[in-house]
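What follows is subunit A paired twice: with subunit B in the first complex and subunit C in the second.
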Partner chain A sequence: METFINMVLLTLLAVITIGVVRLRNLFAVIILGGIYSFLMASVLIVLDAVDVAMTEASVGAGISTVLMLTVLYMTRVEEAKPVHSPMLPLFVAGVTGAVLVYGTWGLPAFGLADTPLNNHVGMTYMDLSIPDTGIPNVVTSVLASYRGFDTLGETTVVFTAGIGVLLLLRRGVSVARLRRKQQEEESKS
Partner chain B sequence: MRLDVVLRVVTKLMLPFMLVFASYVQFHGDYGPGGGFQAGVIAAAALILYALMFGLSAAQRVVPTWLVEKLIPLGVMIYAGTGVVSLFLHENFLNYSALSHHHPVHGQEWGVFTVEVGVFVTVSSTMIAIFYAFGGRGR
Partner chain C sequence: MEVIQPILAHFNHWITIFLLVAGLYVVVARGNMIKKLIGLSLFQTSVYLLYISPGKIFGGTAPIIDDKIEVYSNPLPHVLILTAIVVGVATLALGLGLVVRINEVYGTIEEDEIFTQEDDEE
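Our next item is the complex of A and B:
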């Protein structure tokens, strides 16, 4: 049953990818991107990664779709014809994909119990989470307590990204306003 | 704008549930899936939905821009501050066991709670601020 669900979800993902590549209407592409994120969240739920699925659904399908639509409000809906030949990007994407697939050959089979991941450190956290922190959800205890430094770094990354985007967008607004003011003053005088 | 009554009413009905779900994800993260990051995004999504339906200025009356921009660094400060507090209590940086002298496990729970609050504050306000910045440019 799980294999069947995975097959359906992955086929739909492939179909949507083809749709995104072929469509020229950016509004449709953004909506397809949201659907892609929801399908991806479903795949992650099948993989029992509920936390990641939640993040994917809220960030990928929710916030980024809305942000993309807001950006679309400022530009044209129809995608411009590409200026360059798509051959070089196709080549780069193809090679990268092939390298990634080659990399998966080195991974242990999916769900294998005797991988290093499932034996040494992982099991230690499973055993120690309750006595150490009293938190049954090991994801939370690892994220916030054992790897607190990492999460502090992540929060700082979100902070930095936010400040960066704000600086970029703010500057544009203020410059536009300044120009408008200047023009108004010039037209007055 | 006047014709979408159904959307407006449904949005108003959904908003409290979205916010309650965000707090559930936030405070129940110790037991179920989720945590500060997910809860922050859901809370931000609730406000963004409000802004989409009732306009940016209505949303900015609820959560003003200056407040959002103060909250972004505040979350990081809450997080890092927890670490500094544990430093002053003669433990390592971000070792929450120091927060409760007699029960290290309680200290851990308090520490994780505070840290998650910090993550929530930063993530939600960053999302809202970026949306405000983008939405404000369109006009």
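Our next item is the complex of A and C:
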């Protein structure tokens, strides 16, 4: 039953992806992107990643969609018709996909407990979490305690990106003001 | 049943690869910059699936420890992907900031139109 729900949700995800690739109205594409994120969150719940599902639903479907709609408001809604033939990108994507699919034959099957991934450090955290930190949610204890430096690095990345966006947009404001001033002077003279 | 078995075993991988290839195609083939960023997000979300699906164990539950439960899925990929999602939205915001700036300077967000404008200036 788990596998069945998983497969249905993943198939829906693939269908939405085809829509995202083919549509040229960017508003529709962004809304489809929101649906895609919620579907992805459902898939993640089926895969037992509840914390990730919550983050994906709030960040992927919430913040990303709002950011994209804001930028869309400042620019154009309709995407221009492609000038170049899509054959070369299609070929590159097809070859990449074929190589990756060939690679999946060497990977362990879905849902098994005796794979290398599920017998190393990840499962050690399950045993150590309560005695070491006293937190029952192991994802939280790993994120905030065992791998706390990762989270510090993540915060640094977000901080840097925030500074970058601020600098970009503030310069934009000053350039726009400069241009307006030039236009006013030209209209006076 | 023998025919279905490998499909069941690798269905997650194949959908992951499909999403990844779709994202790659959009990034390479489309000239619109917002569309390119959407393609980049598609690529990113496929990586979430790539990490999370091998950590799933049949009959397991979310890794929150309780006396009544014996089988849990692997928590480590979840932690890594939590970090990746937040970093992903940070890069998306920076990219969208760049798109806004490009739109202010060139008046368009289509790659081809920007190239023709630059050719005209030369």
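Keep this in mind: the second predicted complex is superposed on the first by the 179 of 189 C-alpha atoms of A that agree within 3 Å, B and C clash if a C-alpha of one lies under 4 Å from a C-alpha of the other, contacts with A are read in each partner's own complex, and residues count from 1 in each chain.
The rule is short, and it goes like this: contacts are C-beta pairs under 8 Å (C-beta built on N, C-alpha and C of every residue); 3 or more make two chains touch, one makes a residue touch a chain.
Quick caveat, the model's predicted, so the values are computed rather than measured.
In this superposed model built on subunit A, subunit B and subunit C occupy separate space and fit side by side.
Annotation for subunit A, partner touching more residues between subunit B and subunit C: C.
When both complexes are overlaid on chain A, the residue A:Gly134 reaches subunit B alone and has no touch with subunit C. With both structures placed on the common chain, the touch criterion links A:Asn25 to neither subunit B nor subunit C.
Applying the stated contact rule after C-alpha superposition, one finds that A:Leu152 touches subunit B and leaves subunit C untouched.
Of the two partner chains, both subunit B and subunit C are touched by A:Val71. Contacts of A:Ala161 after superposition on the shared chain: both subunit B and subunit C are touched.
In the superposed model, A:Gln182 makes contact with neither subunit B nor subunit C.
Nearest C-alpha atoms belonging to subunit B and subunit C sit 6 Å apart in the superposition, given in whole angstrom. Once both structures are placed on chain A, subunit A residues 50-51, 55, 59, 63, 67, 70-71, 74, 136-137, 139, 143, 151, 154, 158, 161-162, 165, 169, 172 are touched by subunit B and, in the other complex, by subunit C. The part of subunit C that touches subunit A in the complex is made up of residues 8-15, 17-22, 24-26, 28-32, 34-35, 37-38, 41-42, 45, 48-49, 52-58, 60-66, 71-79, 81-83, 85-94, 96-101, 103-105, 108-110, 112-113. Subunit A makes touch with subunit B in their complex at residues 50-51, 54-55, 58-59, 62-63, 66-67, 70-71, 73-74, 131-137, 139-141, 143-145, 148-149, 151-152, 154-156, 158-159, 161-163, 165-166, 169-170, 172-173.
The part of subunit B that touches subunit A in the complex is made up of residues 25, 29-35, 37-38, 41-42, 44-45, 48, 52, 69, 72-73, 75-76, 79-80, 83, 93-94, 96, 105-106, 108-109, 111-112, 115-116, 118-119, 122-123, 125-127, 129-131, 133-138. Across the complex, subunit A meets subunit C through its residues 2-3, 6-7, 10-11, 13-14, 17-18, 20-21, 26, 29-30, 33, 36-37, 40, 43-44, 47-52, 55-56, 59-60, 63-64, 67-68, 70-72, 74-76, 79-80, 82-84, 86, 89-90, 92-94, 96-97, 100-101, 104-105, 107-113, 115, 117-118, 121-123, 125-126, 129-130, 136-139, 142-143, 147, 150-151, 154, 157-158, 160-162, 164-165, 168-169, 171-172, 175-176.
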